[in-house]
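The structure is given below, and queries will be raised subsequently.
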Amino acid sequence: MGGSSFGNCFVISTWGESHGKAIGAVVDGCPAGLSVQEEDIQKYLERRRPGQSQYVTARREDDRVEILSGVFEGKTTGTPISLMIRNTDQRSRDYGNLASSYRPGHADYGYDAKYGFRDYRGGGRSSARETVARVAGGAIAILLLKELGISFCTYAKAIGPVRAEAFDPAKINSNPFYMPDEAAAAEAAVYLEQCMSRKDSTGGIVECRITGVPAGLGNPVFGKLDAVLAQALMSIGAVKAVEIGDGMAVAGRKGSENNDSFYAEAGIKKKTNHAGGILGGISDGGEIILRASVKPTPSIAQPQETVNAKGENIRLEIKGRHDPVIVPRAVVVVEAMAALVLADAVLQNMGSRMEYVRDFYRNGTHKN
Amino acid sequence: MGGSSFGNCFVISTWGESHGKAIGAVVDGCPAGLSVQEEDIQKYLERRRPGQSQYVTARREDDRVEILSGVFEGKTTGTPISLMIRNTDQRSRDYGNLASSYRPGHADYGYDAKYGFRDYRGGGRSSARETVARVAGGAIAILLLKELGISFCTYAKAIGPVRAEAFDPAKINSNPFYMPDEAAAAEAAVYLEQCMSRKDSTGGIVECRITGVPAGLGNPVFGKLDAVLAQALMSIGAVKAVEIGDGMAVAGRKGSENNDSFYAEAGIKKKTNHAGGILGGISDGGEIILRASVKPTPSIAQPQETVNAKGENIRLEIKGRHDPVIVPRAVVVVEAMAALVLADAVLQNMGSRMEYVRDFYRNGTHKN
Amino acid sequence: MGGSSFGNCFVISTWGESHGKAIGAVVDGCPAGLSVQEEDIQKYLERRRPGQSQYVTARREDDRVEILSGVFEGKTTGTPISLMIRNTDQRSRDYGNLASSYRPGHADYGYDAKYGFRDYRGGGRSSARETVARVAGGAIAILLLKELGISFCTYAKAIGPVRAEAFDPAKINSNPFYMPDEAAAAEAAVYLEQCMSRKDSTGGIVECRITGVPAGLGNPVFGKLDAVLAQALMSIGAVKAVEIGDGMAVAGRKGSENNDSFYAEAGIKKKTNHAGGILGGISDGGEIILRASVKPTPSIAQPQETVNAKGENIRLEIKGRHDPVIVPRAVVVVEAMAALVLADAVLQNMGSRMEYVRDFYRNGTHKN
Amino acid sequence: MGGSSFGNCFVISTWGESHGKAIGAVVDGCPAGLSVQEEDIQKYLERRRPGQSQYVTARREDDRVEILSGVFEGKTTGTPISLMIRNTDQRSRDYGNLASSYRPGHADYGYDAKYGFRDYRGGGRSSARETVARVAGGAIAILLLKELGISFCTYAKAIGPVRAEAFDPAKINSNPFYMPDEAAAAEAAVYLEQCMSRKDSTGGIVECRITGVPAGLGNPVFGKLDAVLAQALMSIGAVKAVEIGDGMAVAGRKGSENNDSFYAEAGIKKKTNHAGGILGGISDGGEIILRASVKPTPSIAQPQETVNAKGENIRLEIKGRHDPVIVPRAVVVVEAMAALVLADAVLQNMGSRMEYVRDFYRNGTHKN
């Protein structure tokens, strides 16, 4: 209940502070027999690693993941998978002056109000660096889902006011923003240079499309698939809104415009997908479409007015190395969180019908 | 894990189908000694009860709540509070023709894919009628929070394309849409009449403001206060997007625009509230602002193309009584869900510091 | 977290006080398609119903269960099953004089210390009457397990100092104590008459054997099958000890005596079953054997010394109707609790291996 | 749900295999501001460390705990505390011949039945070595409880058939069995030498007394304090029975013998403590008394008959280093598990009454 665990059957728990010794995740409930290598996980960490372009923090972290348990001879054993990433380039001296200041847009004040004090080095537990553990754990979920034919396409839909209008998946990895639209990426670069020259930052939108999801995943009421996805995405530090399918736009629609008609053609399909693949909290067999609105990096180099822990008004200049936009590195975090939700839903569903349970235990799937 | 429970310390579990015998909620973990009468809860049920204006379904339900346990001599005992609302006007004959059809925009197909069959009467468990149980349970959370000075103001921010621009709380209860803007409400009425005359429906936006929330509520990482609020609101059937504070708009902002400066004046305050009262998942002492985007009622009287359970393409006409817009009745549901989250956060926070725990056990708060 | 829910996949939540309007259970996570009728559940309630012999309380309760949700056309729908039993014969006047006294052997003082006051009528939530809801919910678990070939044989192993030495399952239902040994039952009757004539009560032991459990159920570490069974049985009010297999006796054994040798014969079997069917927290394919030690009914008609809520020493005479021995009625409660644990373990296990998950989603078990 | 997490508010999750890289625990929900040093935890690890007397395995492990997160400047921060103990002396070659054999008394067969294969090196996750992580996490719970005046006295009550009749706490640490009775310890040594000379092992009983527990801790129904303690203790690999207070003995008692009379004298006290400090699942202010029956070490050097993974009958000789009795090293594990339960109960109780919640939020305990 400390808030660092997520999931029911496929459960991730994360730990670690920005400038502590290490960051880690424990994944419990992963089925036995899934092939997992450190390199498989490492690939996902690379996608959020700092120091890769001029648009992300210059902090250098090797971010090498180490599997400490739960994998034997290359396969998961069904027991907890412990993943650790050592913090190597901490430079906590940069943050010393922040020990007693409440940075605008950050959780500093909230943590002090809740806990009485905080690990102020680089934001401690509230740092975006915490998400490295989610990505490591999420990578395992992605591997599991891949075996079932479920795959993810995640990208920057917008950088500040610049929106990707084209959608060419092949372009996503060819620009530092992970935009599926080359022209937009070029425009975003210009916009971002402006922000940086003004010691400012910008926000953006991450979009995630999930294909291959069978109909019938998710639970009724509070455990709706979209509800859990909303929690998952909103739990990423800078996210301030989550949309499923057409999201905010449905408010202005008519029912006749918004309903997706079903039709039969080699199974049950939908003519449109305003719903984003989820109806009444249960997947409908269509592509699941999610969007997260990411706020501009709150750490900006401009002087800002704020308050210190003594309750005095001060003027604060934040030093250190900060991403001028969080979105590119948030892309893989959104994907990891969505995968954690789906892997959990996949496992939860196996006992949804007595016919499945009977088949499993009586007709020999469960052999012993 | 069936999805019908919510919360960690203050836990609600709901049960019941639209056309079953009854709908109910069990609230476990409510502190002992809270004054709760059936009439207190009834007031909230009245706000979502059908049959109150021409803009909501003509279905007549008395929706009388009965407290079956957990309250003794007018006070909660600390044990589970069981609340039941009998279904009185079920008319399931209206739904007979839907038994084997998948209504567009509804969960019918998903339920069949998951469970193999479904209680098709009025949508069964996926019916919006399920929310009556949430409102009953949420009413207890609201009563608890009221004693701590935490209060809610919830209203329709938009009905279809008509947005409330003015904000006069006094007007919220004086129009059938719960809009805080009389002119907008009048416009909404005209718009809705148009929809209804075309056998169509519309969507809208519910906004909720929560005042009196102390700084420090919420958890880090997955248990962030806004993450749990996002789950709570997205779990309401027709909601397709959730915003905290400025929500989607932050994507286009600069950091210098979006950061809320702190200042000291009889405590720590913020000059602006783009964050909607939550930073890094922890309340910052400001007003909490939430928005839920509600899709248009999927049940419309126009004929629609869809598929039946045999996988045949069919043309469907939905009969029965349906709200042309869900928003007015969703207002109190959003409030109930937000209250359930806050009540839980309030209880979770009491052990956040050793000084609190020590005071509680050593200095006599816990007297025995 | 209020303590009234149990299970991970197959979850029961109970509510209700001894002298409130009703007692109930909500079962969430039961697979869809299980045949459940009120009469199926009623049979189990009959086994714990008061008023059936001279050895149980004369309180008369019809204990008729009503299914309020989650069952449609005779089958579970996969959504919460709400079960309610009205309290009909409450006679709370008998308990009025106990409102301010702390009965020895009862939870009265603990409830006051925790909650500040309590529903004193018949023990309120701490009454053994609460177990009627467990039996109702457990009956559904038993029905589920029966379809998988898992069955229960539960009986009184001892009434006070009188132990059943013989084991004839056919005799269990032919004596009021549910003892599998006719001679012991006769002796127990004599012993109990003595206790009753002295206004005293006695304890005993309930034993439960579970057959047909496949090897491989349960989890490592904290979620061991025996650990969860221990919680389940110890959660029954009067139980003060739980044994698995040879239980306490293993302490005095040598390893060479206590180890059960495996051998191969149409599968893997064990020559002995000291372990009671569970090794390292995982079922080993043998019969699961559990024992619960039940304390003597604390409500006795003899005057007792105790304290009242003002902290004064008093002499208390307990009136009302009380079982001179709890064991016979606890038999079905132990069975219900064990079944709840097993049903949950059965569902949890379906995703234990990637080969199961792959088969389920790729080879067509999950058809849509 | 993989079974490796425990607790509601104060939650421990463990990971790691006997011969993997490391073993660890993550504690989430510990209040901020508790002083915790690695040395504080190390003291408890020393109590279960191998290689300390001739009666425990000769395996040499330094068992040095490393705090990786959640502690800043010597105090807990309220965020997850990650604890790691590297495995240094693994010698997995000793276990190679066990890869395909099912050791009697071990979980080998169950793990294969559940997961399809297993990490066979030293028992993998089912090894008693896993408990090192529980002790590390439990040490934090013990530190927390110490600040509230709650303390533990845990010892061997019996080694095989030799029972400690005297109770002199000062003697517990002066013999290798942690027995509070010197004469019994001497007798146990003789008995154990006999077992060892015959390549055999023995069981025993661990007893734990908890003092300073206020009345009112625990929950009703499934979350009873004794129920959760039973789960906690039974989850220790070799434990086959758990007793609270007089435990099994209550079965043969009369109510008039077993009831503990309350009396008033500087608060409410009990004349006897048959109940072991818990009534109806709630602490009654008396000493809490627990006993766990520990089976003889199943790994014995004698040849044993068993089966291999191919289903062939074989004769097995177990090599490697094994404790001839588990009890001495289980003592601190029992204490750790009991402390985890109590710390959780302490935190859960803070919101049990509205007057506490009101005081906390309105009268300034929660200051901001």
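We just call them A, B, C and D in the order they show up, numbering each chain from 1.
The rule is short, and it goes like this: a residue touches a chain if its C-beta (ideal position, glycine included) is under 8 Å from a C-beta of that chain, and two chains touch if they have at least 3 such contacts.
Note that the coordinates shown come from a computational prediction; the quantities given were computed from them, not determined experimentally.
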If I superpose the C-alpha trace of chain B onto chain C, what rotation angle comes out, expressed in steps of 5 degrees from 0 to 180? 180
Whole-Å gap separating chain A and chain D, where each centre is the average of the chain's CA atoms: 37
Quick one: report the Å distance separating chain A from chain B, using the average Cα coordinate of each chain. 25
At least two partner chains per residue is the criterion; list those residues in chain C. 1-5, 8-9, 14, 29, 32-33, 78-79, 113-116, 125, 214-216, 220, 267-268, 285, 348-349, 352-353, 355, 368
Line, ring, star, complete or other: which one describes how these chains touch? complete
Within the complex, which stretch of chain B touches chain A? 1-6, 8-9, 14, 102, 104-107, 109-116, 125-126, 130, 158, 160-161, 195, 198, 200-205, 214-224, 226-235, 237, 240-264, 267-268, 271, 275-276, 278-285, 293-300, 302, 304-307, 311-313, 348-349, 352-353, 355
Using the touch rule from the top, collect the residues of chain B that touch chain C in their complex. 1-5, 8-9, 11, 13-17, 20-24, 26, 28-30, 32-33, 66, 68-70, 72, 75, 77-82, 84, 113-119, 124-125, 368
Quick check: in the complex, which residue numbers of chain A touch chain C? 1, 8-9, 29, 31-34, 76, 78-79, 144, 147-149, 214-216, 220, 267-268, 285, 346-362, 365-366, 368
